[in-house]
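Below, chain A partners chain B and then partners chain C, in two separate complexes.
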Partner chain A sequence: MKVLYPFIAVLALVAVALVGSQISGLQYLLGVALPYLAFAIFLGGFVYRVLQWAKTPVPFRIPTTCGQEKSLSWIKRDPLDCPNNKLEVVGRMFLEVFLFRSLFRNTKAEIGEGPQLSYGSSKYLWLFGILFHYSFLVIVLRHLRLFTEPIPLFVKVIEFGDGILQLGAPTIYQTDLVLLGAVAFLLGRRLIMPQLRYLSLPADYFPLLLIFSIGLSGILMRWVFRVDIVAVKQLTDGIASFSPVLPDGIGPMFFVHVVLVCTLLIYFPFSKLMHMGGVFLSPTRNMSNNNRAVRHINPWNDPNIKPHSYAAYEDEFREFMVEAGLPVEKELPPAEKKEE
Partner chain B sequence: MALPKLEELSKSVAKGPSLMTGGIPRHDWLETTPVFKPENFPYPTNPKRLEYLGFPNPRVWSPEDEDWKLPENWKDIILQGFKERIDKFRSFRIFMDCCVRCGACADKCHFFLGTGDPKNMPVLRAELIRSVYRNDFTTAGKLFGKLSGARDLTVDVLKEWAQYAYQCTECRRCSIFCPYGIDTCEITMMMRELLHLVGISINWCMEPVSNSNRTGNHMGLQPHTYYENVQYLAEDIEEITGVKVDVPFNKKGADILFITPSADVFAEPGIYTCMGYLILFHYLGLNYTWSTYASEGGNFGLFTSNEMMKKLNGKMYAEAKRLGVKWILGGECGHMWRVVHQYMDTMNGPADFLEVPVSPITGTRFDNAASTKMVHISEFTADLIKNGKLKLDPSRNAHRIPTFHDSCNPARAMGLLEEPRYILDHVVPKWHEMPENTIREKTFCCGSGTALNTDEIMDLRMRSGLPRANAVKFVQDKFNVNMLSCVCAIDRATLLSLVNYWTPGVEVCGISELVGNALILDGEQKRETGLRFEPLAGMEG
Partner chain C sequence: MYDGAKIIPGLIIFVVLSTFAIWYGAGDAKQVPKPEKPVGYTNCVKPTDFMRQSHMTLLNQWRDEVIREGKREQVEAGGKMYEKSLQNGCMHCHTSKEKFCDVCHSYASVTPYCWDCHMSAKKIKGLEEAI
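Moving on to the complex of A and B:
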């Protein structure tokens, strides 16, 4: 059920796009107005969310340490898994953001008779996760060719590299296939693995189905339901230079692609996809484990919280302390001594 | 509560229908209601404790009752508290927003591995509160409701929070596997803080907190009793070694204030660790002092609220200042070191009246503690050994074949991994590591941390401790390991129940016990027993 609603939602979006592509008024709305709106919401929403996190204080320095801390000079420490300064934190964050360091640790636990627990290596999630994200990145960068004139060299290089196998005409980009494969894997594990299936929400299936459809519509309009690429470039250049024109006869599949992409952009800041920004700000990862060497300041530290005072403590237990021979600040009054 | 039958529990864990054994629950997690049984929730706090500590809404209530006697406006209280906390803690807000439910954390939790309960997957534990966050604090939740995984805060939801906030030991193991570093510890802390607002808490947590506040230690030992206990241990040392050791208390002008969890003073096997400290300090001729006022290293405030943690922790610096010491030395404890390492300086610093710790024996300056001015006993001891200052006879520990249990907090909230190992290398003839996925940063919790080491939930504790016990069993079978060493007082108490249950024949000790046993004192008699009065190897019978 949880996968059904998102599936219907994506189908509905496709239907809207197909219908819209046949009606000239709606064409402009979907091909020009919607992208502007989507991009504005994405940018505004993304910035808003990041600012909201950034302005929330970090009261305590709470890195999760995954290696030996800096202590005695002769003890070998682990600067990347237990960073002690900003530079080492940058190193840790690089591994985290670009290589998915934590996910690389993944194991799979099994329980058998005995009971006997075992933990096997499990790198699939890491592998497909990284394939997915990098393919997506390359595809986004390749699309810059649509919005730039002249096309920057790095975009051409990426394009060339991505099509290096020189298969098919037009050339097949590896990332298109890898992206679809990786998303299919990520979707498949949610549907098949009992734990994942139980915890997954419609909000987990929707972005996967959406991205899969985006990839698929992109591939379809390149090889099957071909669109007029010159006209597309004319449109996107127009959008990028804020003088949009909508050429005739682009082809309906283009509108499907655009509507889905715009949906993703609009959905992004309101969803878990914000992990893209959040990963940089996670206090357990982006802080130095130099806690005892450098004091961290909590902006809302309450100076009025004081311990139960020694004076009050001694007042309560003075008699016992004196009797046991423990030193005290104030001796017992003579009268009390008599009562004893 | 009695211990569950070993055979039944073994079968239930490995074969019973659970998400761990491949069964999928029939009901959506958003729609299930919590079930409280006598053995799955600790006793609620005695209202008198809450009154003493100033926590709101104290009352007598029972988790098994339908009516928890919540204050009328409980929902407003919780939601307002929620809002305050997402505005105060970036960690909390980001962890509410960022999870993609990839499931990498799912089978990393010892509670999940031992119970197979889906809501013990860290991701779902967090979703219990995230679902309310989405409902009340996000646009998507308000627009799409259930489709975005949002749900209204109901009494059942609140009960669920209580249930699963007390089936998490804030061990942070899931956090190391999370691609965004989402730390369930932070989430559990917040859930517990919110529950406290409406008077829901457990006695095993609040009683030590209130004792600690009043008498200085968890058990509520009054100064003279505490002092006498340490003296008894000194007498035992004299009997075993023939050497009389000093027990300096509340001594002004000492160089070093020593603070350790009070369990080391009164509970087996912690007392043997304590004897280890006393022997070491005597050997060194250290000018140090114990304190009866700051007689608790542990801080159950960590499991209660950040305010309470600060209040209890404040005693350490206050006492160091009153006694005029130069720096503080801390004993073996897990959560104590989380507080000392990650919170103390921020909360109660700057300790500008103390000096950067320097070992009076080796001259080593502990720059890593330059601001907090508190050094871990393992750091201190490792430095002594490295500088050749300790005369050690490891053969006196030949009857022990230890393994080493990394405690959650020193491992994942401090990075103290090598020091205890280095010490072990020098005080025992041989020791063995447990399997790779169960040690160091991947270590498994004893299963009973964060004030869950209470007897009424034994079934739960034996389950949550299973991953740790299972790894011990592995080295017991393979290397005849008979001693589980650690640097944590809660561990010393809880691992004992755990190994007695799952791996009989294994004992539990602190590293300092092994140090004390190996340390050759000037003028000592020939030792025939260890610190537990157990015969040494070759001295049996």
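Moving on to the complex of A and C:
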């Protein structure tokens, strides 16, 4: 059920795009107006979400630690898993952002015969996750060829590298195939593994289905339902330079692709996809674990409330504590002095 | 706002990178490629729309038929016979690689590997002069 609604939603989007591509008024709406709207929502929503996070105080150091904290000099410590200063945090964040280190630590738990619970390493999530993300990055950068004129050198270099197999005409891009394969894995993982199927929500399936159909529509547009690439670039380059023109004769598959991509952009700021910005702002990763070395003061503390130590507290209430039979660290002074 | 000194520059970098396509090459005149049409011919081996979209699949198919299957028979279109060949077929009418093929290919950043083996007329001439 939880996968059915996202699936229907994606099919509905495809249907809307297919119908819209046949009606000339809707063509302009889907091909020109929608991309502007989607990009504005994406950028504005992204910035808004990050600013909302920035307004949220994180008074306590709450890094997830997976190694020995800095302690006595002869105790071996783990600077990456329990960073103590900014430099170590930067190292940790770099590995997290670029190499998905925390996914690399993924484990699986299995109940064997006995019953015996055993834990093992499980690198598939990391492997397909990183393949997916880097393929997606390459594909996005490659698409710049349609939005820039002249085309920057780095885009050409990426294209060359991606099509280096020189298979077929037009050339096969490796990342297209890797992306589809990796998304299929990430989707299959949620559908097949019972624990994950139990945990997965429509919000987990929708982006996966959406990205899969974006990739598929792009591939179909390149090899099966071909479109006139020069006309497409006239449109996309026109959009990027704020002088949009809608040339005739762009195939319907292009509109399917554009509608799906725009949906992804619009959906982005409202969804779990915000982990793109969130990974930088996650306090369990980007804080150094130096609670024992540095005193961190809660930013909303009332400065008029002074610290009240236990010794001072006992001084204040010792008489009553003794009367009530509570243990005290310092006994009452002798009785005659008390009478004074 | 907490950690604004880090978050604001981060957001600025994000926005600048996301809008790369907008500011890169902004102000440059946008030119739509106009490939030179052959003189004296009004139609190609396939309709113009097909050729615009899928000429590369046709070339790929011809390549396979001629080189791998040895089917070198000519193609008939509009009462004329054409050779299934890039240099003797296509370029019989579209004589200049630079003024025809390259115009759209460089616009769309396509680098077909036809020219790893084939040579344009201009390059052949240059080579002949060099010898």
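Criterion: the second predicted complex is superposed on the first by the 296 of 340 C-alpha atoms of A that agree within 3 Å, B and C clash if a C-alpha of one lies under 4 Å from a C-alpha of the other, contacts with A are read in each partner's own complex, and residues count from 1 in each chain.
The rule is short, and it goes like this: a contact is a pair of C-beta atoms (placed from the backbone, for glycine too) under 8 Å apart; a residue touches a chain by one contact, two chains touch by 3 or more.
Treat the numbers as computed from the prediction; the structure is a model and nothing was measured.
Shared-chain residue A:Pro57: touches chain B and chain C both.
After overlaying the two complexes on the shared chain, residue contacts for A:Leu281 are found with chain B and with chain C alike. Touch criterion not met for A:Val256: it reaches neither chain B nor chain C. Using the contact criterion defined above for the overlaid structures, shared-chain residue A:Phe46 touches chain C, although it does not reach chain B.
Contacts of A:Met193 after superposition on the shared chain: chain B is touched, whereas chain C is not. By the touch criterion defined above, A:Pro202 reaches chain B but does not reach chain C.
By the touch criterion defined above, A:Leu144 lies against chain C but remains apart from chain B after alignment on the C-alpha atoms of chain A.
Contact comparison for chain A: of chain B and chain C, B touches the greater number of residues. Of the two partner chains placed by superposition, only chain B is touched by A:Glu323; chain C is not.
The intersection of chain A residues touching chain B with those touching chain C, taken from the two complexes, comprises 56-58, 281. If you check the complex, the residues on chain C that touch chain A are 1-4, 7, 10-11, 14-15, 18-22, 24-26, 28, 30-33, 49, 52-54, 56-57, 59-60, 104, 107-113.
Of all residues in chain A, only 42-43, 46-47, 50-51, 54-58, 144-152, 155-156, 159-160, 166, 168-171, 226-231, 233-234, 237-238, 240-243, 249, 251, 277, 280-281, 299 touch chain C in the complex they form. Of all residues in chain A, only 5, 49, 52-53, 56-62, 64-72, 74-78, 81-82, 96, 100, 102-103, 105-109, 111-117, 119, 125, 129, 189, 193-204, 270-272, 274-275, 278-279, 281-285, 289-298, 300-302, 305-310, 313-314, 316-317, 320-321, 323-324, 326-327 touch chain B in the complex they form.
By the touch criterion given at the top, residues 10, 13-15, 19-25, 29, 86-91, 93-95, 97-104, 106-108, 113, 118, 121, 123-124, 127, 138-140, 143, 147-149, 172, 175-183, 186, 213-216, 222-224, 227-228, 249-252, 292-293, 306-307, 310-315, 318-319, 322, 340-343, 345-347, 349-350, 364, 366-372, 374, 379, 382-383, 386, 411-419, 422, 435, 437-438, 440-442, 466-467, 470 of chain B touch chain A in their complex.
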